[in-house]
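Below is the structure I would like to discuss, written out as structure tokens.
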Amino acid sequence: MYAIESIGICKYFGNLKANDDITIQIESGTVHAICGENGAGKSTLMNVLYGLYRPTAGSVRIKGKDVILNSPKDAINLGVGMVHQHFMLINNLTVAENIVLGQETGTPLYFDRKQAIKNVEELCEQYNLMVDPTAKIEDITVGMQQRVEILKALYRGVDILILDEPTAVLAPSEITELFENIKMLVSTGKTVIIITHKLDEVLEISDKISVLRLGKLIGTVDTKSVTESELTKMMIGREVLLGGSERLDTKKETEVFLAKDVKLSRDGRKLLNGVNITVKSGEIVGIAGVDGNGQSEFIEVISGSEKKYDGEVIINNKNIKSMSIREMKENSMGFIPEDRQQEGLVLDFPVNYNLVLGKHYLPPFAKSHFLNFEEINKFSEKNVKDFDIRVPSIDAPASTLSGGNQQKVILARETADDPKFVIAAQPTRGLDVGAIEYVHNFLVESRNNNQGILLISFELDELLSLCDRIYVMHKGEIAGHQNKEDFDLDTIGKMMLGLKGGLDG
Amino acid sequence: MISIRAIILMSISTAVPLLFASLGGLISEKSGVTNIGIEGMIIFGAFCGMVGSYYTGSAVVGVILAMIGGGLLALIHAFIAITCGGAQAVSATGITLFSAGFTSYGLRLMFDRAGNSDTVANLPTTEIFRNIPVIGNYLANYSPLVYLSFIVAFGVWYLFKYTPLGTRIHTVGENPKVAETLGIDVWRLRYICVVVSGVLAGLGGAYLSLGQMNLFQENMSAGRGYLALAAVILGRWKPGGVIISCFFFSVFDALQLQLQVVDFYGLSPTILAAIPYVVCLLVLAFSFGKSKGPASNGKPYMKKNN
Amino acid sequence: GGNESSTSTETETETTEEKVVIGFVTDTGGLGDQAFNDAVHSGLLKATEEFNYELKIIESKEIGDYADNMRTLLNEGASVIVVAGAPFADSVSQVAAEYPDKYFLSFDSEVDGMDNVSSTLSKEQEAAYVLGAFAGLVSETGIAGYVAGVESPLQERAINGFKAGFLSTRPDGKVIDIYAGTYNDVGKGKEIASTLYDQGADYVATFAGACNLGVFQAATEAGEGKYALGAALGQFDKNPEKIIASQVKTIDLAVYNALAEFSKGEFSSGIVVRGIKEGGVDILYNPDAELVGSIASEEVLNKVEEIRQQVIDGKIDIPETREELEALN
Amino acid sequence: MDKVKKLINDIKTPLLSIFFSFLVGATLIIFSGKNPIEAYAALFRGAFGSPAALSQTLNKSISLIFTGLAVSIAYQCKSLNIGGEGQLVFGAFGASLAGIFIKGLPAVIHIIVVLAVGFAFGAIWALIPAILKIKKDVNTVISTIMMNYVSFSVVSFMINTFFKASKSDFVTMEQVLDTARLPYIQFSTFRINSGLVLAIIAAIVLYIFLNKTVSGYEINAVGLNPVSSNISGINYKKNVLISLLISGGLAGLAGATDLMGSMGKLYDGYNPGYGFDGIPIALLAKGNPIVIIFTSLLFSVLRVGSITMQTSVGVSRTIVDAMQGVIILFIAAEYIIVLVVEAIKKKKAGDKL
């Protein structure tokens, strides 16, 4: 018995075939993974199954019946729920409100919020997924929000749950928890479709795997019968090697970054509580930690957008406290922000404009206050070629690029003038393995090039394979520190959860 | 002596068109569609109200026509802003220009003259209150639309505080994508909100031509739509705040007139007239926190399922 | 002061079909302003019908357009340009110089020393004074209200005239005057008047363009014993039961007379300042004599007439500014 | 060649919008029992029919270009400046002061000084909304609306209290000195105010500023994504401030050129409405300064031509106001136009088969 089937689904956006004749049948009570590069069409297919997109051709079959989904409402009514890649939550509403939204408790004239809270509490109890129903979304962690999303689907009584890249923003412990939840759901007879770029996860959780490439179905396989490298090959047509290229010996003699006792509070909450970190040239230093432990705030401080901190931040021998962001960048610093679309790019600007963002006023891009388009274009063409950025043309808006290519634009820009110090915040979030490989190689090459890199990531694997040293951040403090020789997954994992036991550096 | 009573009496009746219009504006903006075309919808409502009353002799028909008129105009705005995904400020500007011109033109066609219409039947006063002691006479002198505006104010406050619909509107304005994934029809809800905002602005217009007066005068909205818009922002997109802001403007306007009465430090009436606006700027400058509107306000949402 | 009147004969091409075109450029208030534009318009309608003229009107949007609007009408064949409003002074002198063989009738704006321009000014304060005196005599509460438009010397003249007149017959009384700050917000006019009635005024005079309509509406709602005093051409049709008397400015007549003269081939240039004596302004009572009689006794009306005569005879010094008014008391 | 195609593509929608609005207008005209063709003929005759008419149309567009540019630059930085009118009035006031009280300068210098003062006064009036936006994130819509009212009151008060020139009922300031008047360029009845040249230069300069300079780049970046811009070292506050001050200054120039070109003296109650017209003019041009020259012209054609339409055909010019609204509605609803164009294309394709 199939829970849900995509029968010859095609979805075209103009000339782009995001989905091209995709037939996937998903068995009831299993976990089915969908894999593929960025832009392979995974989200699109899921959106079709959820009634958000109307397929150009083909049909959706749910529990054996052909259905026409006019809107998610139809899908919800047929027992399909979806947790989107980008969370679909209203930040200034409470958890309970978010969960019941669209199926509110009470009467049309009275939204019974008490009842909603009670229902949510019961639901939490039932599935053992704990959240505070009265908290506002903006006040809870990403992991919590993830849980709210799942509860939202469960509240609607779904028996087919689609999870689009649910682990991209989770800490390892949260991922473990999520997987337990998934297993629990499946054991109660529900069907789960999961999209993730992390192949180890795929292999761990799923029963079957379907691979998409360029909008086409490459194949559906039993998880037991494949290996990670086979899967990679299916996805991108070749093997990849994560962890960066060969590491050369570097001198590590100049200190390019120093954070001394950095403290930050907002609205009376202590967010950073005395952070001490150093980075030397020629090394990649990682900050590990569960999301929400002060990493974002620390990034804001050291990248110059938060000035109301105590303590000292020294970059390339200059105290940044009184420096503008522009001065910091002129002081040989590169910054790859967490959120490439909101913080890294001006999406409506063309690619060439984005490639010089922040350097647009410097020669040769500007001459006596006028932009020099010739130089800008020359520079852009070169980088598009060097970084293999796939763009229709350098005049195309950045919004038309895939996530991986958007990330490459930022990498190219932020490292164009070989800065001595680079902050890389979540540089591979949401990227496919091919793109991740690229970023990893790039970071290691920069390191080999004697640049100092501060890498903030939730991906422990990534940190372990790339870093020379790792600091672990917990509740706004450095909970511990390890050198490459001593790296120990277990200890670091413990430190991330605030359990003592790590060696102090 | 400044007459507090005068300030109260006057500020109540001058707040009415602002209340209707700004509550309408609030609903529209909460759903994510900006509406700086309120001014046009008010004048159109005032005109339609007069037309209805003129041809049927019934002010009630006039009021209904005013609501329909405002609603229809809003429907155009909704079509452009929602279905076509057009720039909302542009559409609203068009609406305002169009109705100013159209109503003036219509007036000339109907009465073969400019300025004002013939007098028409207007709404009666609210005699049921007449026998209440002390304040009965004051209450009775107000048009029923005054009380309707209070009811609407309460209703809008209740809508957003207590009803599922209010929360859905909030959702649609904050993040339409979320709403859509929950099976809420974003477009339909936005259409409803925009049209309701037009209906309310039309009521505000009807108050001008049929509640307060008994005729239509060209440009009788006299900038109230913009003031209503300001009230929405000053009230930080919260029903209570918006209601208070409307009274803020009407009270300070009444106050400046009373200051003329007492010849306040011999200040020129021209300067006194600026008081409400200066105070508003001061409030904005010294109030704490930032005033942010609905996150997706003004952004067109292209439906995915099509 | 008045000028010698120079006469000239019509020189228009008198082809049988073609009518003489009279061009009227309104000020920015436009038609329907319930004030001088409407008054001029009414005189023009009468004259054009009677003398078989063709009337062409441009409603101005901005003061900066006045001159161009006059030129447009002249280019369309207008022989006479009629304008109303103080801001026309400059543009009339300018255009009149460009078109020396065309004629210009200018009301409320002062254009001196041009052979083809006749400008008519009014002593609004005289009518206001008499109206104030009347209000003082009939007021029971001793409080009168006055709704003014936008602050300006003309408005000040009229207010102060009204106040002085009121105080002359009611020394212990009080006039509350409020500027609406606009000439075209009927709603505001109404609210202000309602406030004034509520503050004890039983007569509210109004001199604020279209706001007047709101004042008249307020009078009805204020109920028994509350009355309004109009302006323009009397405005009694706007509320026959409540407008007892008005300060009128008979521009309509002036327009008509000038065009009547013109039809006979005459034209008087120069400045004419018209007060009550010249029939330029006056107090006018509601045509419903019974209504007026029920409020003002014979005695009162006689007293008003007496004061009016004194004004005509120049025996009363009517204050034009606030300072002059204060100096009076 | 490509550029021409792009241009045609860019102006297709506006042209069709104008066409449709004329259709709507025609319907309204028919309602009044008049012949729309005659009416439109008169409209165009009034706007272009004679050298005098044409010069009137061109002269009318001067202030409109300036206010359109004013709205446009603020909009690039995502602030809607509804306060153009207040800034215009304040700018005219400043220009008037400079035109009256700065004496003894040669005309060219005096004109430049007066323009500069007009610009500065307009900019000053935009400063408060700018500061409120930067410091308090106050929506410019509300602050500029308030500043309009305050401007009218303050300028009126100043004129009445300190700078009243005459005792007449028409309260004005002194006439500005002759050296501060913008000269006319005249060939017989063709009389163009030199302000037009200034307006066109302003449009070109603004175009270059926005598209070719570092500041223009930054203003655009901040308008499109303030967060990314800030992180890339582009100062959000500085750019909001700059764009609003230039916006106010341009509106101030609208007032200054109007004063120096047409009346020569500032009068009490001056608020010609150009500031508000600037909004549709800029939006219609999608903020492109060069296109603004043409949308301004369109508005002045309608304004000037409508007078003749009224006097010679008897169709009330209020209909033109309604039509302006309709043009803008069609522009906003580009979608419909696209649908229509596509329908036509399809039909053509069908015919071919």
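The chains carry the letters A, B, C and D, assigned in the order they are written, with residues numbered from 1 in each.
One rule holds in what follows: a residue touches a chain if its C-beta (ideal position, glycine included) is under 8 Å from a C-beta of that chain, and two chains touch if they have at least 3 such contacts.
Values in this document were obtained by computation on a predicted structure and should not be read as measured data.
A.B. asks: Would you mind checking which chain's C-alpha centre is most distant from the centre of subunit C?
C.D. replies: A
A.B. asks: Would you mind telling me which chain pair, B-C or C-D, is linked by more contacting C-beta pairs?
C.D. replies: The comparison resolves to B-C.
A.B. asks: I'd like to verify one number: the distance from the centre of subunit C to the centre of subunit D, where each centre is the average of its C-alpha atoms, in whole angstrom.
C.D. replies: Each chain's C-alpha centroid was found; their separation is 36 Å.
A.B. asks: What is the distance in Å between the mean C-alpha positions of subunit A and subunit B?
C.D. replies: Measuring from centre to centre gives 45 Å for this pair.
A.B. asks: What whole-number Å value describes the gap between the mean CA coordinates of subunit A and subunit D?
C.D. replies: That pair's centroid distance is 46 Å.
A.B. asks: Among the residues of subunit D, which are close enough to touch at least two other chains?
C.D. replies: Residues 156, 160 of subunit D touch two or more partner chains.
A.B. asks: Name the residues of subunit C that each touch 2 or more other chains.
C.D. replies: In subunit C, the residues touching two or more other chains are 59, 150-151.
A.B. asks: For subunit B, jot down the residues that touch at least 2 other chains.
C.D. replies: In subunit B, the residues touching two or more other chains are 268, 270, 273.
A.B. asks: Report the complete set of touching chain pairs.
C.D. replies: Inter-chain contacts occur between A-B, A-D, B-C, B-D, C-D.
A.B. asks: Hey, which residues of subunit C end up touching subunit D in the complex?
C.D. replies: By the definition above, subunit C touches subunit D via 23, 56-59, 61-64, 68-69, 71-73, 75-76, 86-87, 89-90, 108-110, 150-154.
A.B. asks: For subunit A, which residues count as touching subunit B in their complex?
C.D. replies: 47, 50-54, 70-74, 76, 82, 84, 88-93, 97, 101-102, 104, 106, 108-111
A.B. asks: Which residues of subunit B touch subunit C once you look at their complex with the stated criterion?
C.D. replies: Spelled out, the residues of subunit B in touch with subunit C are 3, 5-6, 9-10, 13-14, 17, 113-116, 125, 141, 208, 212-215, 217-220, 222, 254, 257-258, 260-261, 268-270, 273.
A.B. asks: Tell me, which parts of subunit A touch subunit D in their complex?
C.D. replies: Residues 303, 305, 324-326, 328-329, 335, 337, 342-349, 353, 357-358, 360-361, 366, 369-371 of subunit A touch subunit D in their complex.
A.B. asks: So in the complex, the part of subunit C that touches subunit B is made up of which residues?
C.D. replies: 30-34, 38, 59, 150-151, 176-179, 181-182, 184-188, 190-192, 194-195, 198-199, 210, 213-214, 217, 221
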